[in-house]
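For reference, the structure I am asking about is given below.
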């Protein structure tokens, strides 16, 4: 009968051996991947009453995973916990209408974009934004064009002294922070639903959000008095488009998804899903 | 340790402190007024009034403050009847909603404190005062209030501190209080713990000051309850 | 009055989701209370031990967690536990994620707060035990473990029940703050439902009603438990 000490020692040795071997056991042979989404970002992703997450991104990611031969599951995660969550390992991919920005690229890697949706304003139909310069057109902020400057100036004039709603930590919040800081009251919300609720009740004069999301909000029965007004912006502070976010250490997984995405764009799957959910083709053009 | 970052964050957090304190003070005062009313109903001797007061306390102490806050801020704003009424200009503002909701909640707790304090007044004192010919406001001011107030001080201090902690919830209804700013710093810089630790320190100091203030008040007003020096 | 169908149990109805949320609330609050009991017991023991350092640590714990906003503690515990575990594990060479699910983090947060208050309840309960009984136990020759089992614990539990009933209600309400971590307890389900159906008033009111029902029922249970536990005891107040 081994003494207590010997047993403890052998147990400790087994544990140490197990831990030493563990890193090998985790060599990334990607079979199962967990995707993080908000489930509250209609039409990118939303939760239906059975608790299932549906939308453009769930459909797209299931297609991509099939192409890449991966078993994918989707979990819900609040927007402001996305990057800390992926870094902590709660999930492996962020797919939540997240635009590629330099600040985010410091923390995570992105695939190529799967959509390029402009930022747009949602407001009551009679909002002063409706008369702003460049209303109804898409303005690229990449290079400082005179058209862009004029549009921004007229937006600033239209929103002077008004209240604008954005979601926290988004490119829209960045835009508002940069161009509307001391001009309008900018209110930041944890979830798009809370913000849209305040728009409908009249607490906000306008909301800055992705075009498809604004369109979905305006299309609902209680969005009757709202419309997409003013200029739409793309590029510059808004980034080149929305893409999947991954940990920097998972470059092989990023490559897998890039390959699948390229195929999905090439054969028109992305265009089909985009038209189905966004009522417009927001596939990023090559070279954009 | 990036001292520059720490000091900048600290300054940002402190600049949000006035809002936190404003919400706290106004909700406490409004709550005290509502609580006085509820207590008056409770001890009125009129059955329906008493039932209403008891129901009020039950509802506002039996449900989480967060859901009460959301009902006032999001719930009421979604009702067309509210938006068309005269209260809308008041409820439109997040600050007012926050103060109102916190006041309604603290009123329930304060009402119970007031009730306990009133029950602690020795009936003999009240009888003696009446025998002397006091009644109504004079009776309350001279005989009841001084004794009741001294009994209310310790639990009231606890409630004041609870209210400071409750103000952190207004960060969830778009107000830029200390808690919101701490979370914003975290979101922008992805530094997780430091803003929360700094914010915690600020809240702790405020609560400590309130506790110490009430303790000093208790010492002054109840020297007869203090232990004798050895 | 908006149609109550959204609260129904069929497809498209949120009744089941709300009830599941309520069940989750009860579960996480109960676990939080148990964690708090463990922590509270420890802190009370430290403060009663007579040793200066233990007493100071106990008092510092109680003062700290009674002076910080509950929401702050929830965020701190939620952000902190996974990171702490993952980094500690990384130190011994383990790769990958050590998940602390939102439930555990939530129960821990509620427990950490509750423990600070429970410590006070247990301390007062212990001090209420007649000194004579403890002296008699020692003189009869009981060792500490037996004394704890026979004399101390039953009476502490009896005296602590009213305070614990109160703290249970507090834990139930504090659990609503765990909604910010995404755990699908009642507050969270109300929020998701409100956002999804654009009916915030209905959902938050419905959620509040469910909380009230839970509070009333569980308070009743505590009252019954208190009445049974204090059978035959002479007490100052009814």
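A, B and C are the chain letters, set down in written order, and residue numbers restart from 1 in every chain.
The working rule: a contact is a pair of C-beta atoms (placed from the backbone, for glycine too) under 8 Å apart; a residue touches a chain by one contact, two chains touch by 3 or more.
Since we're looking at a predicted model, the values are computed, not measured.
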{"item": "Highest C-beta pair count, chain pair", "value": "B-C"}
{"item": "Centroid comparison with chain B (C-alpha atoms), farthest chain", "value": "A"}
{"item": "Where chain A and chain C are represented by their mean Cα positions, the distance between them in whole Å", "value": "36"}
{"item": "Averaged-CA centre spacing for the pair chain C and chain B, given as whole angstrom", "value": "23"}
{"item": "Chain centre separation in whole Å, for chain B relative to chain A (CA means)", "value": "39"}
{"item": "Residues within chain B bordering two or more other chains", "value": "74, 77-78, 172, 183, 192"}
{"item": "Residues of chain A engaged with two or more neighbouring chains", "value": "84, 190, 194, 197, 200"}
{"item": "Sequence positions of chain C contacting 2 or more other chains", "value": "79, 83, 180, 191, 194, 198, 200"}
{"item": "Residues of chain A that touch chain B when the two form their complex", "value": "80, 83-84, 107, 168-169, 187-190, 194, 197-198, 200-203"}
{"item": "Residue numbers on chain B that touch chain C, as the complex places them", "value": "58-59, 61-68, 70-71, 74-79, 161, 164-169, 171-172, 179, 182-183, 192-193, 196, 199-200, 203-204, 207-208, 211"}
{"item": "Chain C residues within the chain B interface of the complex", "value": "64, 66-72, 75-76, 79-80, 83, 169, 172-177, 179-180, 187, 190-191, 194, 198-201, 204-205, 207-208, 211-212, 215-216"}
{"item": "Chain A residues within the chain C interface of the complex", "value": "19-20, 22-23, 26, 40, 46-51, 76-78, 81, 84, 88-90, 190-191, 193-194, 197, 200, 220, 222"}
{"item": "Residue ranges of chain C in contact with chain A within the complex", "value": "11-14, 17, 79, 82-83, 86, 92-97, 99, 180, 182, 191-192, 194-196, 198, 200"}
